[in-house]
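Got some structures for you, see below.
You will see two complexes here that share subunit A, one where it goes with subunit B and one where it goes with subunit C.
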Partner chain A sequence: MTAATAPVDARLARATVILGSAVRRNIWTIALLALLVVLLLSAKVIQPRYGFIAIQGLGTSVLPLGLAAVAQAIVVIGGGIDLSIGSMMALTSVVAATAMTGQNEETGVVVVLGVLLLGLVLGGINGALVVTTRVPDIVVTLAMSFVWAGFALLVRAAPGGEAAQWLKDLAVGPLGNQWVPKAAVVMLLIVAIVWIPVARSKLGLSIYAIGSNSLAAFRSGVPVGRTRFLAYALTGLFAALAGLSLTASTGIGTPVPGPYTLESVAAVVLGGVSLAGGRGGVFGPIVAVVVLQMIRTDMTFLNIDSNLAIVAQGVILIGVLMSASLLEFRRTRR
Partner chain B sequence: MTLITTDLLLEATGVSKTYGAVVALKSASLAVRPGEVHALLGANGAGKSTLVKILTGAVRPDGGRIAVRGRERTAHSPAEARRGGLVSVYQEPALIPDLDIRSNLRLTETPVEPFRHWLHELGLGDLDLSSMARRVPLASLRIIDLARALAIEPDVLMLDEMTAALPANLTERVLEVVASHRGGNRSIVFISHRLIEIGAVCDRATVLREGETVGIVDVTQGSEERIVELMLGEIVEHLPAVAKRTAASARTADARPRLATRHVSAGTKLQDVSFELYPGEVLGVVALEGQGQDELFDILAGSDRPDGGELLVDGRSVSFRHPADAIRAGLVYVAADRAEALLMQRSVRENIALPFTTRLARWGLIDLGGERERVDGAVARLQIDARAGNEVRRLSGGNQQKVTIARWVAGGVRTMLCFDPTRGIDIRTKNQIYVLLRDLAEAGAAVLLYTSELREVQLVCDRAIVIFGGRVVAEIEAAAADETALLRAAYNLKSDAVIPEMVVSEALAGGDGERRSDDGNGPAAVATDGEPAADAPAHPGRSPAGGATPEGER
Partner chain C sequence: MSAAVRGNRWQSAAGWRNLFRDRPLIPLTALLAILVAIIEVADPGIVSPAWAGVILRASVPLAILAGCQTLSMLTGGIDLSVGAIASMAGFVTATFVNSPGGVPLGIGVALTAAIIAGLITGIGVGVFRVHPLIMTLGMSFVVLGLANVWQLQMVQTGAGVPAGLRTLGSGLLFDVVPYSLLVFVPVMLLILVGLRRSGYGRLLYAIGDNPVAARLSGARAWQVLIALYVISALLAAIAGLLLSGLTNTASVSLGDTSVLPSVAAAVIGGTSIMGGRGGYAGTIVGALILTVLTALLTVLGLPEATRQVVFGSIIVVVAAAYTRVTSES
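Showing the complex of A and B:
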């Protein structure tokens, strides 16, 4: 071996190590992506007409739940849970649709910014209650889910309102290539703009820290209460984004919360975030949302009773998680 | 005495237990005769608690033989051990907090009338059986535990540090009840750090050292010397470079202490602690378990607030509302229990970066480049084997402890508070930590080191303070701080003296008026108010694992 090749080898080895550790860290998300590819291919096999239009529809339909899953993931990573996400989505959705009724496109921008601020406030109230009352988070957010749902019905008793055209355009259709759904790009951009800076900052590390071991975080000087409060506020912000995406994709506001709260929990768990806190990221849950949607699509193509499909979804959820914990168990035993 | 030696009530021989790489018990044996009170003694980590847990079925042994009344048996659960006649009262109260006392008795199928009888004997006859366990003071809970165990009438009753949390009047009653068992057909195994109590009520003593039974002593006047000798073993350890060190760190007369406490007190555990810690020195803290050192370190690290007294950093009075305040003042804390300090599922990088990243005032992006440099520097300095660095829980115990130290080294250390940092880690890592602590001190840092391994005082420290019953009872220079001197001081024995008969009788009599002569340092000084300690177990803002730390044995 000559002197010249040695550093190259060393760099190559280091690159391999870094790549290897990145793969190992994200193994769960990578496996989910592989599962998604399998599901997409089988959809194509079962239904040869499955094409770019369906892909675009997939993008639009998973957008609200995808953002709700990100919202849930943030608070779960911090060691909490938020059962009011669905209600916050309903409230922000009707507020946006009502405020935009009869207004021009520019006012729509102001409304959107206002609704995002509203989301931060709603989440902040959740967080402040959890931190100050010391009532378990699951109770506080369950109670607040009724409060937010009630407010949503006060704003608008029946579905209605309007959405600005530019907002609707964001959620529907392709971007550039017809195979690239605009909704997917929008979601990735939102997450990249909001979550990645947070994750890279002191706040992100603090959220992981309190979720992983709040005593250790406390002893390391992390302001545990403040961090928990901010995690809930961030969750509120993403719930508002999810609510806006509902308004964007339907064009109206709906005051009754959809099944988003519990499905976001399912997506978070399937996405590799530990309900005990401290582990996982936000991209796993997004992929999990698409996977769950594709399972349903494939079953529809197979002419399986839709009620049976719901049963199957639950069974798959348990099966996947069980095999994952078995694998983990074997790895730690070694 | 002479006739009953043949049939032993309880006989354990060659009991061993290992946890992973840690040997908790090598070969312990214990032989208890009917009608005796038998002391089980040993320094911290000698294996007393493990042996008791094995005998009562809470832990399964790897090897060895246990026989009760000559019949061999291995208990697989505490319930099975109880049926076999072995009952233990542990250091932690074993009552369900959300049930009332009567329901707790029903849960363990304890007969109520004998329970009431023993409660009366123990001086707690007026207890209301319908009160919730969580509303009963800690000292009373321990008495209830004891009465419950006595009511079952076990063949062998094991008391693990029964008197540790008790005020003087209750201690006296407990000792009376224990002594009343002498000569009957039941026996008591008595674990205590207070040699005076051992001398007062025990017939014989088994001494454990490093997981082995090293001797059985008939307790008579003057046998304390022999017991201390046995607990220590042969002191032939190498003690490198003590002289060089004391010369190098001789502090100037006008140096200002980096950290000083003035009459700090908290709850019933911490009475009055004053000391000064200077830059450039390692100050040892020596104490038996539960003498208030946990509370002291919690206060210094900002996890808890003192009830009284003053904390001075660089001569200025400070009060910490949060560990972040202590860290800002330069006081950083290294815990014995890695699980309290680390984010087990997170990477080495994040664990090391956590404190100094969160200390930054700004909330902006972390400068990952700068951070990596500092983390790599700390990893290299502590020689952490970070191959499994993605998740800290995959590292060995020694490497985990290095990570908890590295996180502070990465940010620059002014004052380091180490609470038994070498507990349960291998000898090589221990040595690396000793060298590091010395290096930090040479570089001008101040280090406070609580250690349960007395040997470490001469290896690492410049001087040591000894805490007993929540007070500083001695200060010893490193040169004089051999294990004998430290252990004597830790048991609050006056130097070169056999325990005088007077003190023993006083400990038994325990009347409040009787204690004037022993300036508050006597065995009965743990609770001076003579009332059951009404210290609620949950302190506001207190860390869940702070408080009464379970015995530091493996």
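Showing the complex of A and C:
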């Protein structure tokens, strides 16, 4: 069917569908934000002392996973998955902490820039391997997660190192108003500076295109291999940012990867990014990370065993996915 | 790379290619033999029947866990919940040592819990069509969390790995033959024969190779998948019992470190994560290769860090080799 021969009302219907899908995409993030507000309010109700200090702490504690979720979101939108994010975070974090040891504040800037470059390179290597070997993403990045974690241990066998003071200041405390955590502003700024221009550019469109249907993208002239490579490189860059935020919030580098890889996958899925690729954005996953953290906080306030919070996370993950696929199933049936 | 170069390479290496594709066990076994040879060169006299027994003993839990991955990867899935379920099984059994029911009750409870977890995973993947990666990931959170809750409940009774499990997991008959083969050999035969000879085995391949064709020829994918994830969870629980016996520890994080190696063993063994291709024999050799490799790196005095780098590189290289020989035929 070509647009020229299609009747006007069919075009109208298509426009409605496009608009509808855009609204639906946003509704997911809006619903998550509403849930977040409910969780924040209930935290205040349960624990009246819950105030701006806790909000600032919340900002600091979600920063690494939030950035990791953005990293994962980019590659998942492109139809891949990166299981080496946690290891890349560990590696970039120890490199940063080690390089900054005993250095002055100005050197810290150079180190940060170098580490960001390192992240691009690590992600680029992942991407190049995925593209050239044509081994499934999951296997390549799984294998590379060993490699990067191994390098992290080679750089530093035990947790340690230092972070520049200005870097530490970036992750902690308020900005202007005491209710505005600086970490949240930093995260939004990073995403605004790095991701939004990319998403608006040809590259962003290409990433969505190869994730949605790589064959169709190829036939419409999208350089699939190059786009996939760049998507992985961007993921590496955000993993490096997440690693730097780990160094910033702890003041040291830890060579053992945290639970960030799998949690970032969970956050991405909860944030409305389809694992099949091509759908979703990076803000949904960020909100999902905050929501998951708040669920934990609320459960702590209710004196519920914190282990049940992990259970809740799993149940929410499964439940959301089950209902989502049920809806999808019904829609395709109709 | 241009098509011409690819064509030339195909012709010059056609024999190797076909060998690799049709009989992956031969090059894999050769790789295993080379690794054993290197270890003998690096530390003369180390390779002995007793050493082989120790290697076998260490490989058994990994091979069973890799069996879970093989089965689920054949259908195009993956099972990330094996680590949590394995830890849970070993841990729950240990908490029952001093209870009236004793170890058999503990094992019963552990296996029942595993079956329930597998059933839910299977329903999620089979009926609700949740991506297996996410479903099993969510399930691993649930199992891990509940196991932690259980740990807090049972902390008074004191947990120790039952003596029987210790013998089964780490004992060697005449210092050579591991007792864990008593468990492993039946499991291995069941999987090998089941995949080759049974209708259910065929269904696993069929669903992974072409889900639409399988559905059109009357396969009920959801039933196959539910059964698959129950089997996988049961195997994981058994592996967890052996693992707790082998390491003489019962902790809720015991199996976590085995998840990625289990996927690696299946991948090295030639099972495709895209489904429909592979088998358990290769996986067993894959598990042996990983264990021998670990031993080799220990003998060479390389730190854990290097081991991980080598592990990862080998997986990429082997997987790339498989993709190369199987994709262009």
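Just so we're on the same page, the second predicted complex is superposed on the first by the 298 of 334 C-alpha atoms of A that agree within 3 Å, B and C clash if a C-alpha of one lies under 4 Å from a C-alpha of the other, contacts with A are read in each partner's own complex, and residues count from 1 in each chain.
The rule we apply is simple: a contact is a pair of C-beta atoms (placed from the backbone, for glycine too) under 8 Å apart; a residue touches a chain by one contact, two chains touch by 3 or more.
Keep in mind the model is a prediction, meaning the values are calculated, not measured.
Asker: Will subunit C clash with subunit B on subunit A after the two structures are superposed, or do they fit?
Answerer: fit
Asker: Of the partners subunit B and subunit C, which touch A:Q313 in the superposed model: first, second, both, neither?
Answerer: second
Asker: Comparing subunit C with subunit B, which touches more residues belonging to subunit A?
Answerer: Touched residues of subunit A are more numerous for C.
Asker: Now for A:P285: first (subunit B), second (subunit C), both, or neither, which partner does it touch?
Answerer: Touch status of A:P285: no partner.
Asker: Output check: A:G108 vs subunit B and subunit C. Expected answer is one of first, second, both, neither. What do you get?
Answerer: neither
Asker: Name the contact category of A:F146: first (subunit B only), second (subunit C only), both, or neither.
Answerer: After superposition on chain A, A:F146 lies in contact with subunit C alone.
Asker: Tell me the contact category for A:G161 with respect to subunit B and subunit C: first, second, both or neither.
Answerer: The answer is neither, since A:G161 touches no partner chain.
Asker: Tell me, in angstrom, the smallest C-alpha to C-alpha distance between subunit B and subunit C in the overlaid model?
Answerer: 6
Asker: Taking the stated contact definition, name every residue in subunit A that is touched by subunit B in one complex and by subunit C in the other, in rising order.
Answerer: Dual-contact residues (subunit A): none.
Asker: Give the list of subunit B residues in touch with subunit A in this complex.
Answerer: 301, 303, 322-324, 326-328, 333, 335, 339-346, 350, 353-355, 357-360, 362-366, 368, 389-390, 407, 543-545
Asker: Which positions of subunit A touch subunit C when the two form their complex?
Answerer: 81, 129, 133-136, 138-140, 142-154, 157, 262, 265-266, 269, 275, 305, 307-315, 317-318, 321-322, 325-326, 328-329
Asker: Where on subunit A is subunit B touching in the complex?
Answerer: 21, 24-25, 197, 200-203, 205-206, 208-209, 212-213, 215-223, 274, 278-279
Asker: Of all residues in subunit C, which touch subunit A in the complex?
Answerer: Checking each residue of subunit C against subunit A gives 78, 80, 120, 124, 128-131, 133-135, 137-142, 144-146, 148-149, 152, 260, 263-264, 267, 273-274, 303-313, 315-316, 319-320, 322-324, 327.
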